[in-house]
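Heads up, the thing below is written out as structure tokens.
As written, the chains take the letters A, B, C and D, and residue 1 is the first residue of each chain.
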Amino acid sequence: MALKSPKEFVDSLRDGRVVFYRGERVKDVTEHPVTRRAIDHVAADYRIAEEPEHRDLMTYVDEQGQRHSRYFKVPRNADDLLRRREMIEASTRAGHGVVLLIKEIGTDFLFAMRAVATYMATRGKPECLARLERYHASCQERDVAMAVAQTDVKGDRSLGPTEQAHPDYYVRVVSRTEDGIVVRGAKAHTTGSILANEIAVLPTRALSEADRDYAVAFAVPPNAKGLRMILSPFSEAAPSEFHHPIGARHKIVDTLTIFDDVFVPWERVFMDGEWQYAGAIANTFVQFHRFTAAAYKLPWIDLMVGAAMLMADANGITRANHVREKLARLINYRETVLGLTKMSAIQHRMLDGGIAVPDPVLSNAAKFHFAENYHVMVRNVQDIAGGLLVTGPGEEDLANPETGPDIEKYLGGKKGVPTRDRLRLMNLIRDMMASEIGGYHEILSIHAEGSLETQKLTMVREFDAKPLLEFTRRCAHLGE
Amino acid sequence: MALKSPKEFVDSLRDGRVVFYRGERVKDVTEHPVTRRAIDHVAADYRIAEEPEHRDLMTYVDEQGQRHSRYFKVPRNADDLLRRREMIEASTRAGHGVVLLIKEIGTDFLFAMRAVATYMATRGKPECLARLERYHASCQERDVAMAVAQTDVKGDRSLGPTEQAHPDYYVRVVSRTEDGIVVRGAKAHTTGSILANEIAVLPTRALSEADRDYAVAFAVPPNAKGLRMILSPFSEAAPSEFHHPIGARHKIVDTLTIFDDVFVPWERVFMDGEWQYAGAIANTFVQFHRFTAAAYKLPWIDLMVGAAMLMADANGITRANHVREKLARLINYRETVLGLTKMSAIQHRMLDGGIAVPDPVLSNAAKFHFAENYHVMVRNVQDIAGGLLVTGPGEEDLANPETGPDIEKYLGGKKGVPTRDRLRLMNLIRDMMASEIGGYHEILSIHAEGSLETQKLTMVREFDAKPLLEFTRRCAHLGE
Amino acid sequence: MALKSPKEFVDSLRDGRVVFYRGERVKDVTEHPVTRRAIDHVAADYRIAEEPEHRDLMTYVDEQGQRHSRYFKVPRNADDLLRRREMIEASTRAGHGVVLLIKEIGTDFLFAMRAVATYMATRGKPECLARLERYHASCQERDVAMAVAQTDVKGDRSLGPTEQAHPDYYVRVVSRTEDGIVVRGAKAHTTGSILANEIAVLPTRALSEADRDYAVAFAVPPNAKGLRMILSPFSEAAPSEFHHPIGARHKIVDTLTIFDDVFVPWERVFMDGEWQYAGAIANTFVQFHRFTAAAYKLPWIDLMVGAAMLMADANGITRANHVREKLARLINYRETVLGLTKMSAIQHRMLDGGIAVPDPVLSNAAKFHFAENYHVMVRNVQDIAGGLLVTGPGEEDLANPETGPDIEKYLGGKKGVPTRDRLRLMNLIRDMMASEIGGYHEILSIHAEGSLETQKLTMVREFDAKPLLEFTRRCAHLGE
Amino acid sequence: MALKSPKEFVDSLRDGRVVFYRGERVKDVTEHPVTRRAIDHVAADYRIAEEPEHRDLMTYVDEQGQRHSRYFKVPRNADDLLRRREMIEASTRAGHGVVLLIKEIGTDFLFAMRAVATYMATRGKPECLARLERYHASCQERDVAMAVAQTDVKGDRSLGPTEQAHPDYYVRVVSRTEDGIVVRGAKAHTTGSILANEIAVLPTRALSEADRDYAVAFAVPPNAKGLRMILSPFSEAAPSEFHHPIGARHKIVDTLTIFDDVFVPWERVFMDGEWQYAGAIANTFVQFHRFTAAAYKLPWIDLMVGAAMLMADANGITRANHVREKLARLINYRETVLGLTKMSAIQHRMLDGGIAVPDPVLSNAAKFHFAENYHVMVRNVQDIAGGLLVTGPGEEDLANPETGPDIEKYLGGKKGVPTRDRLRLMNLIRDMMASEIGGYHEILSIHAEGSLETQKLTMVREFDAKPLLEFTRRCAHLGE
């Protein structure tokens, strides 16, 4: 197959998976209006891969002449990473700023697991690498949508897996048989699980020897027996395209994913008990994934900058000094995040197995710059837009002949900008930055792909201080 | 009467006022579920005035021995202002952090208008003061709920009233008769208009002589002929008290308020054509109102700090250094806003007519500190709470026996904190800071009571630099 | 005596004290030009106490009708604290923004030690309180200048006193006799020690039982045998009043203070081995001292604001928007620090012995606001002044007929501002904010009176969260 | 010649140039100790060009096989710009973090002038380009040191050149002859003028037709008749290498540069009256120069980061959480400035004449990030170092046998770090960040290469918003 059509993708999701939404079992995720909206959103990945103008970016031809989704291509150099960044940006742009994340994160896992398994192979554990390579090839061949479940529910965050009130706060192996392992536990906020073909699972942190049973990485299909997904109802938008130009059509889905003694055959087990490598796989995955994050944020930032500029114009305040100051901050924000992301690809490091990973200091700097300043940038856009964002009339008031003309008359802005366009800009900004979806994106900015603290820790840990310390010692005449 | 009961207040709102909501005329604001929620919310003002523990704070006894709502008491000294601040805090606390604003803003107008009218009286315009005093007495006697409509819709913000595409972008007098004036135009985001007994109207900015017809201040009842209110549908919360512990019960209502040739009798006109004083009334009102703002923000900030602390405890991270850092920032935020607000009362200035106004530099510093840092404080709370804020399950999932036990088991935090309480804390934080309501409050933080820029301008304008310039000149030996 | 004259003060310093400066023994601190500058600077305290316009502020009359320096008055209420703040401000203003610190810090120690000793007395240790009271009375009677040595040199900051490479990194008791104790160790950055009549010593941190010998508080005269003071050469300014309008006349002196087996008679020992109270005295002293800090910063901030305003005017940029923005930030900074400081006095707490201490959350918020933002405010002033701050000509170039006219002609600014005054403003700003003294003040801002971290810790520790947690629990329906 | 030796460079400076320092004429800049220090500092450029390990970086071989300083190579692509950045970094590293700036800025001028002159040539003004090309070739052939004088003294900043109190506040042409022009005026803070072989002069801002005589660009030798340079005495350090490890050996020199009717032959005039291009040359020069700035800041930042790390270790606080936080901020700062600078080279734009200029949005973002955060980064380093920075003893106290052993004993830090090394680190930090030099660098951070405001303006002006606005319009359904 190698490349699925959007229809094939949608069809592939009717497989009996167990999904709950607002207290009810969702019979068929392709039919329920909420899940269907999310599916249509991510199907854009398959759609644009077929479009002539995106085809060369979204796909690649392997040495055998077979065309595949470019997501599955193992990055070997800066150009691979730059193209990957561009591809993620393009697909997110197809989602009007909302990431699709059905291949980005899954392949982040595949690359990281491959690098760690290669390393494990050099330490006398060759079987994981072999399985991972077969799994990778199969995923590519089937052109699957993938979710990754990493974050354990964790219970008391100050305690490790074995110190918790019950032992299942972190996903663990409860038994092993000749055929495979049985896992139990739950993972929080698994994005895209309900519309994936594969769910990959990996540890969320470094582990000690006592945590051996928690050092487990594997993949299961979403209809695996014992797997239950509880879909979060938050960030739902009303279906008004006027009020929710983004949210009415684009949607990220997250689940609490429960592994109720799920059996996983050995062929799909990539780590089982090798606690020494739990930290490595957790961190390596994150290195790839923060780059993905920095890449997919761009279209959303572009909408923030663009909406601020158009709104300033509609309000007639483009020349106000404080507005120019805010626009400068927004532009600077965009360019810094984008510039550092690209630079992290260009200054990549090479992992075991000849896999290129974006420079972790720079990719974390990019993600950190995005995350730490997001709320302030939201404030800047809201500031430019004005209070009408949340005190304005509804779509139905515009349609009502008793009130519509008042609104048309009184809510106009700068001459030449139609009132309706001014309201559409308000709606875009509110939808993105002052609504359920707005709240979702604020949380996403600081919690997705690791918190602010983890990014700072990574920068300190990965920074190569040696040349700089040597230079300082010399300039300070230390030891003289 | 002097003091209304909650029931009397509700009854007073059935007067034929013209209110639209989502494209439909609201027949009776006391019956529509959305407006009723807002009415029940603000009725707390009348309720607590009757409670023994609040009575002395919420009311006062005048020289004739008559008890009135304390809101109407003209502040004469620091103690009056401190008590007023405490009263506003207490009533907002009764609203669980959501301001009631049915007397706060109206009396801010009465005090400011009184001071300016007193000044106008010394300039040969005595009639406005006399009318205002009668109006003030009547409002107090009837114990009315009041809204204030100040912000004009403004059109192109870079242009003045007379330069706009049409002349009605600012409210103006279109004709004058022996009995009164006729006004036309619209005011944006009028808070509480649909549940007030009086709507006071004043200019939004300083005006030039050419803008004479825009220099108009007056009051009308909400059922005045030609007055239409379009109620904003934004910041509506679902009626789940589990998911929306604040929003399901408390609600601020804002309207686009249209004056379609509304007649106002002279007795209710407080400024008509005195363009020289337009800036004075706009600014003086705002001086009182920023103090009100700083006062009513406190319970909301308290909920932010309290939720962050309880959430940190429930997650087991109270001792993490970055959490302690964030809690320190939150505490510092609260104390700074509160400390500066109180200090502005203690260092008040005296206006014409012996009216005490909070020190404008300090009250603006308090409001500015609140507004500029709000989004970052939101980020701090969201950071402590975690991603589960927006990826967690719904109330119905907890009730469903197929999923409820999973949730109970897996979403527990620190031992001893019930899972349900942990989820309630998540819900509180999401309701306040990552939802429609959360977006509303972000906008409110920077746009209500004047924008960030206006607060900076006020501080520069009102700052008494003389002693400090003299000291600097001396230390720098200028002129020597 | 009760009140010393400036001359009596200077005379009192010729007592054989051992002071080193740049490798040489200073024979007489009143004669060496550097120490003399510092002495003349602090003598202002005695001078203004004699001036009619300051006398009532700088002194008070006790119940016996005796007039004393107000510094020694134990604060009993808000008014005492507010007057104390005003007095500290006035004396620092006499120092042109540079704190005198010859009574401020010493009396901070006396008040704190008195409160802790009172508490110790209730725990069966009455002798310390009695000695302290006699010592306090004697200091007041002799109108002494006092220094306080708190910060131990500390060695490895991650280790406690007994874990260090040698046991003397914290000052400790090495032996006890019938007559007193013998102490050894060194204290860092003791301000004013070389020009004090008394040096009080106290622990720098909480201690454990093993640290018993480090739990020592006492006072010695600066000429005590075995006491050596090494005066720091940093922050010296050239004696040009043109280039250093502040630094050429005002100077803070700090020493490394070495206790080489100094004997202290029991009458001057206020704590010896009571390790349980070491944290209490360290913290209580700091509570008083942070208030002192917040008080004495004001004149310096005033000079920053004033210099920025006058400089903006001289450069002709007062109306530039970014300049107004920076002035607004500076004004806001000043008002916030001052407002919170005053509020901490008004909301004081009562300690054992009926001693009023400023509210520690507010005084720390004031100090923290000052310290965290100081460098950015410096940047704002430097930004307004321009690069000429450090690329301009010297005083001698102005005097040189070959270059003076060029400078007069070309370095003029706005018409009406003499070139020389513009340069004087440049000099003031450079002297304060871009010189040795500027560096000193940056360090002072973050390290004097405790670091940024200690202020955050104090706010968290001292904050009364109970009412706010209760309110949050109620609003979140916890436990329902 | 093509490459000068350090000695040839020094010799070339004995040419009778008129330099004043502290009121006296400097007879020979190579002999006066202050100017000699600055000359030895910049001579490093010639020295390292001869070193085998730097030769390929610092020089290039042209098409005729002639080796030249790489500075003079016109950048044609990303690689040229990246090498240039690396070269500037390397030479600044040779200056121990202090930029040399004897070829960086001059060639920035040559490239910008060449691009603008090329453009002017297409507009019918070919002679400037021809002269510039000859001048460029000559500068390269002679391997000259160059200074650039751009910033006029400006007088009242709110007024243009012709509105000032006298007409010479901006450099202007006072007469023209057959042989050349005569210029009058003064330029502020001309870096390196006293030790250059050429001084290039260009306008500081866009000009109007009335300002025609101010639209002048040219080059003169420093000994031109009528040229006087007043060397600024600020940022002088004492010659102690212990206390001033940087400042005792490295020095930037700035002058007030006076053009007292200086004659310039036509061959050296590159613009005369073409006011339409004044803005273009001012801006284009700055585009190159901000990239230079971002490049030369790196070694200084490296010293900040390195000193903070080594100091944290010496104090035993590397593991303290707040220290790790500060180190993370410092690392992030370094990586962001460096990453954006490199990216601006990679994403260069092409100017007229096929000259590659770094992307102005990114290079300004790099410079802005550096400048806006510099003071806070200084605070972070100072915070880690501690108060001893400015209260510690002098070098002579260490040498004195009466005090040296005390200092050795008491000012030790973590075991294993010699006391003297700990003090050397203190000295490095104070020298760089809390001294005359520290003040100089703070001013430099915000004023050199354009102020914070100009960088924001440039980002807004140069940002290509079109694609992003188009995307926003589509997502918001504008015009539908």
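Operating definition for what follows: a contact is a pair of C-beta atoms (placed from the backbone, for glycine too) under 8 Å apart; a residue touches a chain by one contact, two chains touch by 3 or more.
Predicted model only: the values in this text are computed from it and were never measured.
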Chain pair equivalent in interface to B-C, over half of contacts matched, among C-D, A-D or A-B: A-D
Residue-number overlap at the subunit A/subunit D interface, same or different (half cut): same
Averaged-CA centre spacing for the pair subunit D and subunit A, given as whole angstrom: 42
Whole-Å gap between the CA centroids of subunit A and subunit C: 52
Interface hub residues of subunit D, defined as touching at least two other chains: 322, 325
Topology of the chain contact graph, where touching chains are joined (line, ring, star, complete, other): complete
Touch list for subunit C against partner subunit B, complex: 93, 96-97, 241, 245-246, 299, 302-303, 305-307, 309-310, 324-325, 327-329, 331-332, 335-336, 339-340, 342-344, 346-347, 361-362, 365, 368-369, 418, 421, 424-425, 427-428, 456-457, 459-460, 463, 465, 468-469, 471-473, 475-480
Complex contact set, residues of subunit B against subunit D: 321-322, 325
Subunit A-facing residues of subunit B, complex: 20-25, 151, 153, 155-159, 165-166, 168-169, 185-186, 188-189, 228, 230, 232-235, 254-256, 258, 260, 315-317, 319-320, 322, 374-376, 378-379, 382-383, 386-397, 399-400, 402-403, 406-407, 409-415, 430, 433-436, 438-440, 442-444, 446-448, 451-453
